[in-house]
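A, B, C, D, E and F are the chain letters, set down in written order, and residue numbers restart from 1 in every chain.
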């Protein structure tokens, strides 16, 4: 749709609605979990470009985006190329020394670099971080033990605060380390929630390949637009929310109970979903707030 | 049109187009001449409310609006109530001591207060100024002499700079004074241009009751969307631009040749004309830039 | 008296006495109510010039003067010119829509502009304000209802703080507004007291046409040079203080009980009364302090 | 040697000699190229620990170390594990898409992470960067074309300046990108020299596995302790400096002619070589200065 | 004279005259040479108290006084007590090692300490300095050689600037040192002039025991109230100014030609002479300005 | 010993040990009592030079040294030259008016000036102070009365804080004054302890002519390297510590119980004893810490 085709009236309506949010969110920290599935769901290159555009749009209006990403599928791919067979326990990959090294290389040296590169090809504001940089993510070995898979023990926001103050947008690969320097691979949804809480973020946003949380998991039309953390906890308890959505839902609950104003689960495959969510009254997807 | 009826796609289009201007204009000074005719052309109360909304919208996204206004019709009205007959010379009212006192009371104590009051009833950021405050507008008696009607000799931006730095939006009544403290009534279009130049404004915007400058003054459909100061000067020279439009056109030419990036003549009766002008590629009305 | 006629010894005495006050008051806020009667009592033009000199003298030694003024007689004069008859109730003018508009025009557009103009003709430091600017004075309708006559509900000192920090001297016309933007005319003595309290002023000074508060209201020689707020309250209670002095006396009591160090009632017709009051041990007129 | 065995006299001698350098270098930027060979030459783990200690020692006395590293052998190793055969042209590996991805993963996700991890296990001051972060290293394709092997076109020091100002120590993996976001692998010695010049570094130090530059390349005893850039250029021209030493020598020459005060080639296998070089009069290894 | 005896009118006259100078001199540096003769001329204790009061009065109104003093008579007294006979050459005392030590002890440890102590007994703002502190006064041996008597080579104002910025008032004993640390005794009038010039002082004031410079050196009534440096140079040349007045006159000429606004020679025996000089139009004594 | 003779290994050992202290002490205040005996014990000139070097070395690495000194022997010498016989009571000199004047002249005008001069001949950072400057040391007459001998009542650190913030190193002569400006001579060991406590110093260091505190006062080999304040108090109680060591020992106890981290008694005759004490693990002499 060309610019000439939008009436002045319509523009005025959109702008009058958007402007209060622009000033409300200026200076706010917004943590965005960029999901592998969001990429994988459509044309990867186009999705990445649209995401990079949105990050820069937020940056340009004074919002402070912090990106968190994982990369499970890409790790699996390299392990396969190396002929390394993985053992799975309760659906989680057992991570030995060699698998950890592969995970680090893929997350830090490939997925993170790709995201940073896509943003910086337009404007050089992104800075890639692993959780080992400036001891950003302090981790411990997860129980039951499945190797170098970690839990978040703490988040040192010093490097994030400093980069944000300098006008840079951090992009975080979810490797952490313990006090002895031992690295661990950590679930990216969990890291996103912990980072949002530690930063006192205004919003935590999950870009996924579904339209939001459904009242009836089998009915795409049953997406709930707003709910409390209590209501979401009930949906987990009764099994309505399940599988891959559980870590995201849990991170939403933890974040809003930890002081994040709202948590959101959006369909990242829609163009500029981030902008529409932030700058319209109704938003898109599912919003979770503390009761 | 309710918010629910605008598609996410359309919103995204408007926002993606608007956001670069938001960041481009953040921190910029925009001088807006709010015309008596803009008020008088429609429902006065509604127009004033919509204008107040737009001023606050600009303020909220970090733009620094400075409002300039006149009030000829309202001065005439009070003179009439006082039974004071005016002498006119070349179409300009001869301003004696008593008329000057009436002009000051109406401009500073009524029109300015009404504008400030309308904005501050929503958010208390407006501060009314006359050109006598902090010797903002230095004036001299206009030649040929028609009493206390003045020309702008200089603009001391110190009080404007200070109020803008404090987050306040100045609203200026166009009374000036000379070095002896003698006050003068000054044409508001001229003051708007001089203030824009002195402030190094990004834009000078005239809110009027016409859609813009016409190639053919008798044809409303001949509005020119963009032109150079040279072209505008030609239109004045050949009489295409005439009557009340001349001071505005001259102020546009002076402002852009004095460093203001662009000058605009808009129809202030359209709702939120200011926002649409600032935040869309095509803008509305006529834009004048230096050749 | 020419400078040559004052002996070095005498100069030394005055200076040695004055200097401690100069440094004591540097940076202090002094609220001065400039009364219509102070003007009317002598040669208006001369009194205004002398007052302007004193304001600039205080400003030049780092004291922060804030001027408050009313203008009842001037309002009455314009109403009369407009052939508008006023109804009085309990001695107060009933203020309808039209009378309010006249009051605003006279206070903001005439008396305030005259004061600001007189100061700025010498040095451009004065900035005129009405209580509507930056919602400086929040008002409500006075009970019993006599139209748009208001009481002070609150004072937002933000614009005063900002102007003082910038080296400007605010001059306040006593129009206030409520949360809906409705304007009211308010007693200037009351506003002066409320502003002094809100600013944490060092002193509140009323420039009047009497020498001070008298122990015996009929005996000009019975002026009391210093008294407590309690003592002043007794004089009101027993009728010794009456008529037009009551709002001033009440403002003095409110101010000193609200934290203002001292309140003063001086004869503004004496040349440079402000300077002598501030910079000599005994001062002039009546000083009120909290018991 | 235990502390008790060093005489007070000897300590005083070392300290009196070291202290002027401590204050001279405080606040200075020191670029250190940490070589794969320096690691490989001894016990890798021990060498890494000793290097991490020295980086933290410099950091603690207010010197600003910036680390640059390569990782050729480790890239080769992963390519081999993936069964990828490399084509070599003029001794340089032709780098196709896949090899570039491997290089990025190894440099950014393994070697860089290992260095950062080793430092941060002691004190969390290191932050890993690739040249793509904040467009730190702008690159172009090297001629003759051997795939994604780049030359340095420019160094944007903004992110380095910001991290150093925040008390962080950057560790740089030598991947760069062009204006289209295309990544390239770049020689680490060259990057170290370009970064030192761009930062206005006090010193550029190469930690290698040789004792310095030899007058006679076959005689280990012929190490030259100090020389000019002109003299070093002659040694390259006459073939005395050859093979892997050439990029280092060229970087030394470029750096000192670009304003770096001195460039150094040290044996990184000696414990705490960095400290001894910086804080003694004679230093160790070869020092190059501009003629 | 008690405060009650000075009329309000008279006070107003003195204050109106003084206030412009108060604001004009606020923040200015005033160098005062406090002479041994000024002390010796009257009751030493009373004179010192009055001087201390004036220094604190200047300090309290934001003026920055810097005191310079000598102490020839007191040095002579101690030399005599020690039975040390002085050789005089051209009327100047030959200063050997021992005499220098005596001079330092007397100037720094007695006269300076007495002045500092007198001021600080009232308010603790004075800080004593010798010219050796922070190498304030760089000196060289005077030619022809009469021992450790020095000339001023330079003034390092760093310590003065720092103390003044901290609200302290420096009191300077006129010992200087050369680059080898060798101390010298220097004429205090000369030091006062050099310090005033180096500080860019507003005024240099000599407090002496005469009323000013006389047109006819034998006629006390011939004191000249204002003159140019050129005129003063003529008076030296023709012998009208002679003896002990010559170094003061020369320092006045050097200071005003070096940028000090005015230099003054006053009778320090008059109470509060400093205040009357600074804060009245006519001043007292003789004022010298650059032609 | 020439630099070439110290092995790189040995240097590395000393530096690796010293560097943590360098950063630990950077910005810390170290109070050093420089004793007359430390001077007298060796070649006075050489000792003074070595001490000046150490002060400047500390200054150059960001440590903030504050020097305190006495000068009893030098006072006695001048009294003797003046033929003044002293009365002693309990081993303390009775100080009459004349003796006080001599003490002030010697301490402030000779010993202090010599120390300041020796430092500033190398780099002009020292500023001499007496306790009368800016009322640094508030004193009262000591009981039982032996004339103008004082006790420390309080320490006003304002001038010390200001000089340290400006990069200057204060050197303090131990004259104090009471509220009436009366000066007193005070024991320098006591002043050093009071100044260290008031400054919140990291260390208080006494440079003396003994190697430290001995377990057996008659056995030079029995020096104790570290002890608690309690243990030191016991040694005083049982007479093991006696004579001139008592004021030092008492000052150590007071200082560490008042918050100073550690107090030290060193042999100031050893070259660079200050540096070795500060920058080695074992230090030298006796260290006292709070239990």
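Of note:
Just so we're on the same page, a residue touches a chain if its C-beta (ideal position, glycine included) is under 8 Å from a C-beta of that chain, and two chains touch if they have at least 3 such contacts.
Remember, it's a predicted structure, so these values are computed and weren't measured experimentally.
Under the touch definition stated at the top, chain B and chain D share these contacting partners: A. Steps from chain C to chain F, taking the shortest chain of touch contacts, total 2.
More than half of the contact pairs at E-F come back, by residue number, in B-C, the repeat among C-E, B-C or A-B. Chain A maps onto chain F through a rotation of 120°, based on Cα atoms and reported in steps of 5. Chain B and chain E have CA centres that are 61 Å apart.
Between the Cα centres of chain D and chain F there is a gap of 46 Å. Not a single residue in chain D touches at least two other chains. Viewed as a contact network, the protein chains form a single closed ring in which every chain touches exactly two others. Read around the assembly ring beginning with chain B and moving next to chain C, the chains appear as B, C, E, F, D, A.
If you check the complex, the residues on chain C that touch chain E are 1, 3-4, 6, 8-20, 22-23, 26, 53, 57, 60-62, 270-273, 275-276, 279-282, 284. Only residues 78, 81-82, 101, 104-110, 112-113, 116-118, 120-121, 124-130, 132-135, 156, 159, 162-163, 166, 168, 175, 177, 179-181, 183 of chain F touch chain E when the two sit together in their complex.
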